[in-house]
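Here it is, the structure, as structure tokens.
Going by the order they are written in, the chains are A, B, C and D; count residues from 1 in each one.
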Amino acid sequence: MSLRRLAFLQWFGLLAGGLTWFAAFLAGAGTSVALCNPASGRWGIPYDTVQAALLGLGGAVVLLAEAAAVAVFRATRTVAEQDPPPEGRLHFFAIGAMVGNLVFLVIIVLSAVATIVDRACHQA
Amino acid sequence: MPRAGLVTLTAAALVVAGCGSKQDALSPESGASRGIATLWWKMLVGSALGLGIVALILLAAWIRRNRAGVPGVREGDRVALGVVIGLGIVVPIAVLSGLFVFGNVFLIRKTTMPTAAAAVRDRPELTVRVVGHQFWWEVRYPGTPAVTANEIHIPVRTNVRVLVSTDDVIHSFWVPELNRKIDMIPEQTNQVLLYADRPGRYRGQCAEFCGLQHAHMGLYVFADPPAVFRRWLDGQSKPAPAAGSRLFVDKCGSCHTIRGTPATSRVGPDLTHVGSRTSLAALTIPNTPARLREWLRDPQRVKPGNQMPRVELTDAQIRRLVAYLEARR
Amino acid sequence: MRERVERLERIWVARPGVLGWLTTTDHKRIGLLYFWATLVFFGAGGVEALLLRTQLAQPNGDVLGPDTYDQLFTTHGLTMIFWFIIPMTTGAFGNYLIPLMIGARDMAFPRLNALSFWVFLASGIFLYVGLFLGFGPNAGWFDYVPLASRLYDPARNIEFYSLGLIFNGIASTLTAVNFIVTIFKLRAPGMSFNRIPLFCFAFLAASFGLLFALPALSADLILLFLDRNLGMHFFDPAHGGSTLLWQHLFWFFGHPEVYILIVPAFGIATEIIPALTQRKMIAFPLVAIAELLVVFIGFGVWAHHMFADGLPTTTLVFFAGATAMVVIPSTIQVFAWSSTIFTGLPRFKTPLLFIVGFILFFVIGGLTGVMFVAIPFTQQVTDTYFVVAHFHYIIFGAAVFPIFGGMYYWFPKLTGRMYFERPGQISFWIIFVGTNLLFFPMHIVGLLGMPRRVYTYPGGMGWTAYNAIESVGGFVTLAGILLLFGNLVVSYFRGAPAGPDPWHGPTLEWSVPSPPPEYNFAVVPTVSSAYPNWDEADREADRRRLAEGVGVLDDGHEQVVSTLVDGEAAEVVKMPHSSPWPVLLALCLSGMLAVLVVEKFAVAAFFAVLLALTLLGWHSTEPEAE
Amino acid sequence: MTDFAVTRREPSLGWWGMALFVAAEATLFGVLVATYFYLRFKNLEWPPQGIPEPKLGVPLVLLGVLLVTSVPMQLALRAANAHRLGAARLLLGLASIVQAGYFAMQVHEYAGDLGRFAPADHAYASIYYTLLGADHAHVALGLLLDLWLLAKLARGLTRYRLNALSAITFYWHAVNVLTIAVTLTILSPSL
């Protein structure tokens, strides 16, 4: 793989997963707040569809980011952590991205499933 | 009076038995609290394990302290990296996902009202409305005229739906032996399930900082056998004899209610049956004539910062008021 | 070689006397100013804590009345968070050390740095003026409405809260911007992103946290000010407002804040551990990412402070999910630290003892934090002493312990003298025992039902003995802290000379004399790893280059700027040096905010004009024109 | 200077400072917009009775005018980079005049709104005036920066002033984007 392409994959792997999780998190939690408030509750939000879509889309982007990180990691296998840039830096960020994206994926799955299962506006 | 006496007697017996004055989340008296307490013990064991592993690694390092070796610099080895990945990433993700699912999908159902269908099959229901005030609890029983304060009576082994709201700032309704806490928020009515396995008196306390006397905002929940509860509720629903005390109306009527008399203000607690309560000022003092006298003389000395102003009363007036109030049973 | 160094000394010489301190832009001097100021606030916060513990030592205590107690517990929390830990880590440690670690001569914006300090100092004075006038904030550091609204808190207490924190927030935001640009751009050539010392990663993470969390707090405080003073209705449900809005905005800031408090402490730990075990950190990239990740995920957990609010369950699970996974970066670091100590050659000197104590505290506090993933459990223990125990294990154990360890560790660098080892170790053990006595029983009383923020409690609840132990623990801790500072003071005068590198430390601050010269580095250092002081060849190259006069940059206050990602030299810029404008600007700003307490809007506008004029003066000279 | 080979031209330190400041300000606006919608979720009537719905015409036209000023700002930066000081001054001056006109019109509108309903009427009015006020304040700050920069540029171009121009241009682009978000939020009941 060319350095340019690796660089792109590295930044995509590092940044896309986190930003996607945060966007999906704000959208998902925001929709649930809208669902359960007096005015917005009457807008007829298709709640389960929205949450399933966020799970599908968000999960897909995070998986892609994870794949990109793994690809960069494999391409820079022989490089040590402190080697000179760009290879050292590519390798370094790829390791971080692999862990980060795994964590983001787990959050997305856990919260999306739970919000659909626990779909109650009042906890009594 | 016998029914109120019975309740007081039960309470007194409990105090003597020594299980009255506590609000212990680890002595659960309901399925909900038991579920939470059981989870706590499990998490405690897990935590001890986790702490133990880290402590062992550090202890081993301490045993190896000051050992000889190349004082230079060595790269990381694979085993240590494996420990970080295994114990630092894989195991915690698995354990925490498990805790998340158990706590927030399964346990949470135990702490909430059963669904309507299950309730019909299962157990009777009752609704109580509790309104938080600085610094006391107003208790109402929808469908009856009964209004009381700081002491909630519920039938035992019944799902009681407590609707909570607030008249002023945010409070939090919490009786740990029966269930989790729930905040009283100005803009919405929240609800919490109360259920008691056994008859008894359960202490609760305001858990959200609500001002100067947040510390003295306690409450009791009395879980009574259904028949006793029914009699108590009937008694509380009755108004006082119409021939009220003019002194009370003059001096206290601008804030308090005694149903059946011209005193109807809802600023302070409803005192129609104040004599049947075991405590005063949200559990700040026991309800005895001596302490009530002290309270009437200067409420700000007993509970500084509470909302009841000092009312100018002569000793004779205080004696008459105390006699009148203690008779409201 | 000699004349090159002398020339640098002439260029970078500081103005003498008090004026020199008032106009300084030297990051080391500003770091020391922060250090002394935050120690004073630490003392104040500690006295408040001991007063609270004295009141709670026995049931129905009557040392403090409820009004005093409320002001003291609120001020204690505010002081320790905003006027001790954040300024101590970012302000003092960060300021002093980060330019040294990345091989720079100062921060990216030296005058802004000075401004941060003076505004910070003014904000603290402002808060305490309020307290001594009897208008200390009294609604808790979280300051929930409607308790904090004009209706229920009609005096000026809350204005001292909101304006004091806005002030403090301005200072912290400026500091955050400064750190980020410094770490991004002023790294010595060769320090690519994978070679940034972990300490700097931690401060980068904390700075980003501050940058994105503080606006939420500022917005919240401004809305509160508008509600209280202009009759608006953001938090008034009777007119379409919402009290939960306050809580959402507050905790959107408030939870990342917790990580902002402890991540710099992680950074301190990741410096001390390699030095005292003579071993590079295990899993360097994982630890680096973990420091950034914990702050980032920390932005998604805020509502776990609101689990008992009666919010919909379907909303809460989003926050519970993030709360579960925000633990992962911390577990990574805990095992990286402990296995680095295990596989290294540990010398358990005082700094490392504090770090071991920190790891244990952090694990205990972290494990009780993990429990909040289960919503019903949180709803049971939130707002009780269980939570007080949890976050004191985190804040005292995981933030203050590394601060103490760092004080010992960098003491020789700052003073050129070594501290006394034996009293140092004794001070550790006293503090370790004292804080455990102080905070551990709080777990138990919390489970036994004792709520937070009560000024007294009845006897016969099973809480009495535990509270007594806690109070004793408070005074034991005090004794240990007094011994710690006593040791440092005596060592300052009597300690043995330390030399430039007593620990054989890994990072660049140990490559320069103790205390470091005004210009930090005579020659721009060569860097080829995150442990540059251990790269003997590079240090040798530096000495050679100094002898040859290559890379000295002695044409004015020069500094090399590098590229953001890979740290290649990009340009050489001139830095400003000592300026009276920051302190003047801070005075104008203080005047402006202080008169807002009494709603003198016209006077505030006057100060705003003065402030604009000061800014003009500030920018009248250009660095290149020197 | 010769000791370090200049590898790549990156934005100046000042630009980075401005970018991060803008990031913090953008978060502030994000929080205020979230506040707007959070309150809207809770209120069955939005705007409440007695407060007119916002009118679309003038605000949208003004928004368009403000957005257009991004072009001369960017051109001014390009001219300055090419050392064409006169053109840079002219373009910056032109942009400033349009921005000042925008600001004057917005102040006029704001005052007109205050005549119809007061910030203390309802939470809707509170967030309406606060959000718009915060946006206008940022425009005002931008105008002050313009004026200062014009005064500086009157005495020639230095690297410092070029960095300032790039930072201030970035500031205006950011303010324009934030103004889009604010305007659409404020107008949302009528959209």
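Note that contacts are C-beta pairs under 8 Å (C-beta built on N, C-alpha and C of every residue); 3 or more make two chains touch, one makes a residue touch a chain.
From a predicted model like this one, the values you see are computed outputs, not experimental measurements.
Interface comparison, A-C versus A-B: the higher number of contacting C-beta pairs is recorded for A-C.
With centres taken as mean Cα positions, chain C sits 30 Å from chain A.
Averaging C-alpha coordinates per chain places the centre of chain A 41 Å away from that of chain B. Distance between chain centres (mean CA atoms), chain B to chain C: 37 Å.
Chain centres here are Cα averages; for chain A and chain D they lie 32 Å apart.
Of all residues in chain D, those touching 2 or more other chains are 38, 42-43, listed in ascending order. Contact with two or more other chains is made by residues 89, 93, 97, 100, 104, 108, 187, 190-191 of chain B. Among the residues of chain A, those touching two or more other chains are numbered 33, 99, 103, 106, 110, 114, 118, 120, 122-123.
Under the stated contact rule, the graph of chain-to-chain touches falls outside the line, ring, star and complete shapes. Taken together, the chain C residues at the contact with chain D in this complex read 108-109, 112, 173, 176-178, 180-181, 184-185, 189, 211-212, 214-216, 218-219, 222-223, 226-227, 230-234, 236, 239-242, 245, 248-249, 252, 524, 550-553, 560-561, 563-564, 568-573, 612, 616, 619, 622-625. Every residue of chain C that touches chain A in the complex is listed here, in rising order: 190, 192-195, 284-286, 288-290, 292-293, 296-297, 299-300, 303, 310-322, 324-325, 328-329, 332, 528-530, 565-567. For chain B in complex with chain A, the touching residues are 89, 93, 97, 100-101, 104-105, 108, 112-113, 161, 190-193.
Within the complex formed with chain C, the chain A residues making contact are 18, 21-22, 25, 28-29, 32-33, 35-36, 47, 81-86, 88-89, 91-93, 95-97, 99-100, 103-104, 106-108, 110-111, 114-115, 118-123. Taken together, the chain B residues at the contact with chain C in this complex read 21-26, 32-33, 35-36, 39-40, 43, 46-47, 50-51, 54-55, 57-58, 60-62, 64-67, 69, 71-77, 80-81, 83-85, 87-89, 92-93, 96-97, 99-100, 102-104, 107-108, 110-111, 134, 168-170, 172, 174, 176, 180-183, 185-188, 190-191, 203, 205-215, 304-305.
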